[in-house]
Amino acid sequence: MSRKIEFPLLLINFKAYREASGKRGLELAKVAEAVSKDLGVCIAVAPQLTDLMYIAQQVDIPVFSQHVDPVEPGARTGHVTLEAIKDAGAVGTILNHSEKRVRLDYITYVVKKAKELGLVTCVCATVPEETAAVAALGPTMVAIEPPELIGTGKAVSKEKPEVVTRSVDLVKKVNPEVTVLCGAGIVTGEDVAKALELGTKGVLVASGIVKAKDWRKAIEDMAKPMVPKK
Amino acid sequence: MSRKIEFPLLLINFKAYREASGKRGLELAKVAEAVSKDLGVCIAVAPQLTDLMYIAQQVDIPVFSQHVDPVEPGARTGHVTLEAIKDAGAVGTILNHSEKRVRLDYITYVVKKAKELGLVTCVCATVPEETAAVAALGPTMVAIEPPELIGTGKAVSKEKPEVVTRSVDLVKKVNPEVTVLCGAGIVTGEDVAKALELGTKGVLVASGIVKAKDWRKAIEDMAKPMVPKK
Amino acid sequence: MSRKIEFPLLLINFKAYREASGKRGLELAKVAEAVSKDLGVCIAVAPQLTDLMYIAQQVDIPVFSQHVDPVEPGARTGHVTLEAIKDAGAVGTILNHSEKRVRLDYITYVVKKAKELGLVTCVCATVPEETAAVAALGPTMVAIEPPELIGTGKAVSKEKPEVVTRSVDLVKKVNPEVTVLCGAGIVTGEDVAKALELGTKGVLVASGIVKAKDWRKAIEDMAKPMVPKK
Amino acid sequence: MSRKIEFPLLLINFKAYREASGKRGLELAKVAEAVSKDLGVCIAVAPQLTDLMYIAQQVDIPVFSQHVDPVEPGARTGHVTLEAIKDAGAVGTILNHSEKRVRLDYITYVVKKAKELGLVTCVCATVPEETAAVAALGPTMVAIEPPELIGTGKAVSKEKPEVVTRSVDLVKKVNPEVTVLCGAGIVTGEDVAKALELGTKGVLVASGIVKAKDWRKAIEDMAKPMVPKK
């Protein structure tokens, strides 16, 4: 494993959970790195914005930003540019997460600019129609996440499989080069296996890992269904 | 010098300038640290958000965030919490910079919460009435920065001295515990000396240093008027 | 009574309640007008934005906008300018309601521009420190409204009298020309009487009237304590 | 003609131009109504938000809102709901204009809710990929408007015909039920004729009419290419 994105992908979003902030964020990233190497599965982390470079400089797995602002470098106090996350060592960014929704034109801007900079984008959507809308803009990945299931432990892949398959179908029609992930409520390896069966190429997870008592066990459990069959 | 804030204060805002992003941001912070130790002047840096912990862990001067969001830690993807900047090693945050204006209630929230967490706040304002408004909320510092002078090289302390003195007077009346800084167009030691004469306790600078050809020389020039008289 | 603002003032905010939308909004404004004339009390209404001119052209009491945007007239699709509310017949605007918070610099802009246009401003605040902050900017009125009481029927004037008196005191200190109103949970004439006793010059009400079964009775009940003593 | 939308459609956006504010807004709407009846062409107007009901109650042509907020009726001070514009007499709304961009999820919400309420939606986009994205969400219309041409008098249909035809093609592929309009820089009947030739079903115009010395002449000029051939 390395910093290169491969599918299937397990993308761990640290959100603004204090359990994964600062030095504890680095610890969690290190555990993810260890499991990635052990199992041969691509595991990426999206630490808190303020920890991005600190963590990206110390692990050899792909690191994502949780968000970027649609602005050029310059006199833009408090903004996160694509150039800044690249300089920090990130491979790309999550965008439009249901906790950080953005304007349509921001998605257009970030997806286009990220490509020019060689960065990947994982744009979130809440309903299948939105995955199609996002796919039309050409991001690397679109992640379908029904917000009503986020943080519930009720996996989208089991509770609303038709939402996932409809998203996979619509994206294929609109832009087959876009990879579909799913997220929301995913806490077990079984949830992940089901997500892959439904046609996704990976999952976006957060509380299921960050809040687990045993990080290593939780990550292993979710990564196992992604181990390449021999 | 250490991570403790002292006045007069030279606060260097890296903004989203690529000249001070990632590893170059660390270099600039290291130069600031060296000058601070040499001259015995308190120099603080506000790196890009994504570099915050990376830099805060490697320098022994006060490090500020350029912005924080008014939210609690938790399921808040892409948000910067006060707890996160504290865990990253920052001593406090800039807020309401003219390039990142925030809602009045955000200032109320952040100022109050920062105090509880032992963090300092430097809240920006554009006109004297706004410095009074901000002072009423009780931040550590208020920085008066007329936006029309930002980045021009025309120092607020020379071009609009009455704006600075009126701010100093209003803040004293509304809340004498709040320290006044000024910024906008400050590029020379003379600009800084004038700012101190007008009653401020320091300056907020950005392009005057970040875009200087010789960072050390630029910082020394601005810090010298702050050297304690024997 | 006429379109001129007088104190004490009963300001009725229609919010986005459908009970007071379109033609029903006009009906409610007509009832307010009738009670105002009968009792000789200044009663103002803040209809839904889209009904502003329709209602302002048909009643002879002061009409407020619920919000304005801090922009000049021109190519600004979907924005509400101060000039537009003036052309519509409004006397001024509410700003920074807890359901429509705005940036500090927006308040600065709107308060200043409204004065130039001869319009009044009623800027909301949630805690006493914020009323002081707002007062520093010089609006016509500041309304203290603890958001946790809004819509509860538990009147701020009875549940948190110290919040009201502290606001009155702070505003007097910072800017004695600013008039203080209070709001949140006010539903009876007794709540209004108590608000006046605490030093305010009027109240900002919404659900207590809009959702009342008998609009006339509800408005009369609240307006009676405002009737001038002979 | 009546309040029913028909294609080709001439949709006149009054923006926040003071030339079309308040009573002058009503005058302009009356001129549009007169030309519509004379020529038998569907002409709709989007007055300033605060004039919406005032104008919608006095003309017999379709009236649009310039924007709506993605919220339900209720305690939402300063917000414009779909229910409010319906109660005001509007037939639908423009959304995501380049001067009032909105979040992707707002578009999803408004498009869906408008359908339930029997209202039409005209969602703007700036590049062909965005028209495809918007079309995936199923609005009544999508309007392609390159922002760099807005207000210039250089018509999109002549300056960037390939942007228009690419939008028409992409929308047809993603969702053939969505009607394509175009806008930006359109000031003459020739510009309109060219827009129809490129496959659109109408135009979105603003300054070309609002700022014209002779409103009637300007509207007639643009409406003539839309007169049904016998």
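To keep things simple, chains are lettered A, B, C and D as they appear, and every chain counts its residues starting from 1.
The criterion applied here is as follows: a contact is a pair of C-beta atoms (placed from the backbone, for glycine too) under 8 Å apart; a residue touches a chain by one contact, two chains touch by 3 or more.
Model, not experiment: these values are computed from the prediction.
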| item | value |
| --- | --- |
| Superposing rotation of chain A relative to chain B, computed on C-alpha atoms, to nearest 5° | 180 |
| CA centroid of chain C to CA centroid of chain D, Å | 34 |
| Centre-to-centre distance between chain D and chain B (centres being mean Cα positions), rounded to whole Å | 46 |
| Geometric centre distance via CA averages, chain D-chain A, whole Å | 37 |
| Junction residues of chain D - those touching two or more other chains | 98 |
| Pairwise touch network: line, ring, star, complete, or other | ring |
| Chain C partner contacts - residues on chain B that touch it in the complex | 96, 98, 101-105, 107-108, 125-127, 129-130, 132-138, 170, 174 |
| Interface residues, chain D side, partner chain C - complex | 13, 15-18, 21-25, 48-54, 57, 65-67, 71, 73-81, 83-85, 87-90, 94, 97-100, 150-151, 206-207 |
